[in-house]
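Consider the two complexes below, in which subunit A is the common component and subunit B and subunit C are the respective partners.
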Partner chain A sequence: MDESVGKVNKFDVLGNMNLRTKTLLAIGLSAFILILVVVISFFIDPKSITTNWTMMNQPPSLEHIFGTDWLGRDMFIRTLKGLGLSVQIGFFASILSSIIAVALAFLSSFNKHLDSFVSWLIDVFLSIPHILLIILISIALGGGAFGVLIGVAFTHWTSLARVLRAEIKRIKTSEFVTISEKLGQSKFWIARKQILPLVITQVIVGTILIFPHAIMHEASVTFLGFGLSPHEPAIGIILSESMKYLATGNWWLALFPGLALLILVLLFDIAGENIKKMLDPASAND
Partner chain B sequence: MELTGRNISFKYSSGSRQILKDVDITIDNKKILGLFGDSGSGKSSLCKILAGHIKRYEGEVKLDGNEIPKSGFNPVQLIYQHPEKVMNPKWKMHEVLEESWDVPDSLLEDFGIQKSWLNRWPAELSGGELQRFSVLRSLNPNTKFLIADEMTTMLDAITQVQIFESVLKIVKERNMGLLVVSHDRDLMDIICDEVIYLDDINHVDI
Partner chain C sequence: MLDKQKILKFLGYKLVRFAILLVVVILLSFILIDMSPINPVNAYISNMVASPEKIAQLEAYWGVNQPITEKLLNWLGNIIVGDFGTSLIYRTPVLHVIGEKFTASLILMLTSWVISGVLGFALGVLAGFKRDTWVDKAVKVYCYILQSAPTFWIALLVVMVFSVYLGLFPVSGGVPIGALSQDVSFWDWLRHLILPAFTLSILGVASIALYTRDKLIEVMSTDYFLFAKARGEDGWTLIKRHGIRNILLPAITLQFLSFSELFGGTVLVEQVFMYPGIGQAAVSAGLRSDVPLLLGIVIFSAIFVYCGNLIADILYNFVDPRIREGEENG
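Up next is the complex of A and B:
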């Protein structure tokens, strides 16, 4: 027999863990980093990103690990501040999105006409490119953080609403719901007590998975100049401003903030996918 | 009290097989009626129609000559064969009972339900244990007719007897009507005052 079978490699720490521990570790680590970013961005002293003409256009060094910009501001601190703002907008936008999704999904379950109305609404919102719609809504609401937040929230509910609508339809035909009806319970009572506890995990996972999309779209709309106002230290602003200086060789202005945004988005995705695995083990093999 | 079904016809969708055709059935609270039939003969469909669980059918179901209200508590309660499907998996067992009525402790004992089961999830109990809850839930004080659709088919003989004894006791006490549906002829001969064969009252051309 092969001797290596059953032998445990003591140095292979991850390999020793079971899937549950690995999943928990992934959720914990990504959540920790995300919370850390938000907390740090709150406590950043605004003075640390004031202009400093003696430190203009410094490439990355030990003192300024992301370098400095054309006004001598430290890019690392600006990036952190921007990520914090992105997470905040993403947080409110995805919560608002899932509230819309849950409300519409339940609305669709009340009768056939409402169901076709909701399906139609989902198709309408899916058929218009997200970016275009966010820009339109954001401009209509006067731009700024509020406009972007509403714009992102109103465009990202569709996929969650679709999933919930199908799930509620399935639960509605189950026998325990029929029995509830025949025991005299109202539709509202059934929606709240019977259906909601069965879809709440999907709502939680859906909300977390909207996060990365919301952050990316916020950044891209801001980059295009339709989002947050230029004095706010958002990642989108940082990236669009740095475009002017890229040609002069200041590559660090765009590379590190962009990379940081990418990592942030990936962390949310990892957290969301792993929470999904925890709450809905059947989906782990998808 | 009389629960009557007149000229009941049913098929799942237009074009599919006719399951029930012009069925007449009367259940009253003076005797326990048994409904007997082969698999696929439409026993369950008839039960669901009588209890209002199927909405689209032809014919009429009346309770003492009156239409049964479509919303609100239905005085005709149906007990399904599979207890796992009739409980919300995210509800504890005490919530399942509380949805219907406050069950007195004496009844819990009669049905052999242990107090500790009340705080468990449906997945933590066996089929026979769950079925006791399902039966007890349908015995709301306002229930006038009970339709037991293969209520004990999946249970062992001892549990069958225990559940039926408890149900029959309450049915007699409260003067309720009971329709026992099964394909177990011996069981029905013991319990029922009258047994009808579904194929005799179902005019489907096979």
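Up next is the complex of A and C:
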């Protein structure tokens, strides 16, 4: 059995590393690229994205690896700036989302009525298609990046809340919680000292796994024209502008920014899955 | 006999829950719109000349200058008697607009739902059966990438390849612009349906294929599967008799639960292909402050999603023989 595993691994580039090293490497690499993107986008001077009529509609070249748009702006810089913005919105939205999820999951553990209320609330939020709800919320808040952020945050907490609710229910049947209850500890004390430490890894992993969804929904809503104003270099806006130039054959306007977003989302997924493996070793063998 | 009674009781319970849910969705969306800076009356009269009687009628409909509770009850009452108001963009009753647009979208959604379901299931079975081979890896990579890909970007790529480069399909539009609906031939209409349906189908494959693959691998590690293998069954017969029979129902249930995502995908795909469906109507209603239409679409989309969940529930509770018998015994 061991021999066959060794044979398979010979063809693997990372064959001589064990699973733990590989996992750490995957986390490190994806985190490094993500942080790099955000840091670079911070240092991009908005003035460097200026119109340059001599460089209009250039296909990708060594000088402009993503090409230029109809105003002569370099698409690579615009894409980087847009990705940075997406990561920022995704970051705040997923943190807010998981705060909502944790609060509601603990609320549901207090008594039976609150529990059925929380599960009903999850049903309500799942009953309207996410994209419509984000549109509604961002309209209600008068648009802007803030509206999109809140819209995304209020639609992505459901899955994590469900997982946490089930997990807390399971923990509450364990003996140490029953003993604490008998000893007269308050519910708040039990939640803080005995339940929270056990679910904290799931909260962290859940937050990271909300990230890719949040970024994608942010880009979709921006693409549809809600939220960010047209002069901001968000990925959704870049892609919706590129739609007008597709028929004239400017393929690079749509291909590269979308590909960059796809890679960003994949990196978050890889980082999330690998952090899950590290924090919850039982899931590593799946 | 007993079964029938149980189904009726189940349906009654679901109906009550649905009514409550619908009322809450209506209230929630109304409150959200009321919070927004949009004034439905001003939005309506801003780009047309309205007589004072018309304005008074609109103000009565939206309950301007009344407290929010009264506004809400007023509007809820109108909805219950089927008065959804008049759409601002289309200048016709909202119900009429939604009926027309939803039909167009339903055709699109149904087509891609069936194709993605069948294709996803087939790919999942193939990947699970050929576990750890290159087939499995290819299916997995395909699914992971599609799950992370923005829907509208895939739609843009499809337009680029099939419409701009190969010139096989029109770039946009559900029907040729300016043509009357009765003049549009079936073929014309089909040509405009193919690309959006294709895009939605290849995107919808991912979740169902991954789910089917995992389920099949689970079934393949059971004792009865091993026993069947030991008896000498193999290949397709083995998978058909012991694999597919066990995973088909959960897969169909999952596919019915995906109505919400399907709707979201349709909104984006319709926007790229300019397919005149409910998604496009929702986006333009949102962008141009057509409050009655937007609220109407939210309500009908909630009904649509609920139908999917209800069918999944029925399948899960009444069609699966194991759960059915388990309930009778317990």
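General remarks:
Keep this in mind: the second predicted complex is superposed on the first by the 272 of 286 C-alpha atoms of A that agree within 3 Å, B and C clash if a C-alpha of one lies under 4 Å from a C-alpha of the other, contacts with A are read in each partner's own complex, and residues count from 1 in each chain.
In this section, a contact is a pair of C-beta atoms (placed from the backbone, for glycine too) under 8 Å apart; a residue touches a chain by one contact, two chains touch by 3 or more.
As the structure is a computational prediction, the values presented were derived from the model and not from experiment.
Contacts of A:70 after superposition on the shared chain: neither subunit B nor subunit C is touched. Of the two partner chains placed by the overlay, only subunit C lies in contact with A:258; subunit B stays clear of it. Greater residue coverage of subunit A by touch, when subunit B is weighed against subunit C, goes to C. Shared-chain residue A:176: touches subunit B; no touch with subunit C. Touch criterion not met for A:245: it reaches neither subunit B nor subunit C. Of the two partner chains placed by superposition, only subunit B is touched by A:198; subunit C is not.
In the superposition on chain A, A:225 makes contact with subunit C only, while subunit B stays out of contact range. For the contact definition in use here, the subunit B contact set and the subunit C contact set of subunit A share no residue. Of all the residues in subunit A, the ones that touch subunit C in their complex are 123-124, 126-132, 135-137, 139-142, 212, 216, 219-220, 223-226, 239, 242-243, 246-247, 249, 251, 254-255, 258, 261-262, 265-266, 269. Listing the residues of subunit C that touch subunit A in their complex gives 21, 24-25, 28-29, 32-33, 35-38, 144-145, 147-153, 156-157, 159-160, 164, 171, 260-261, 263-264, 267-268, 271-272, 282-283, 286-287, 294, 297-298, 301-302, 305-306, 309.
Put simply, subunit B touches subunit A in their complex at residues 51-53, 71-74, 77-78, 80, 85-91, 99-100, 137, 140. Looking at the complex, you find that subunit A touches subunit B at residues 174-176, 178-185, 194, 197-198.
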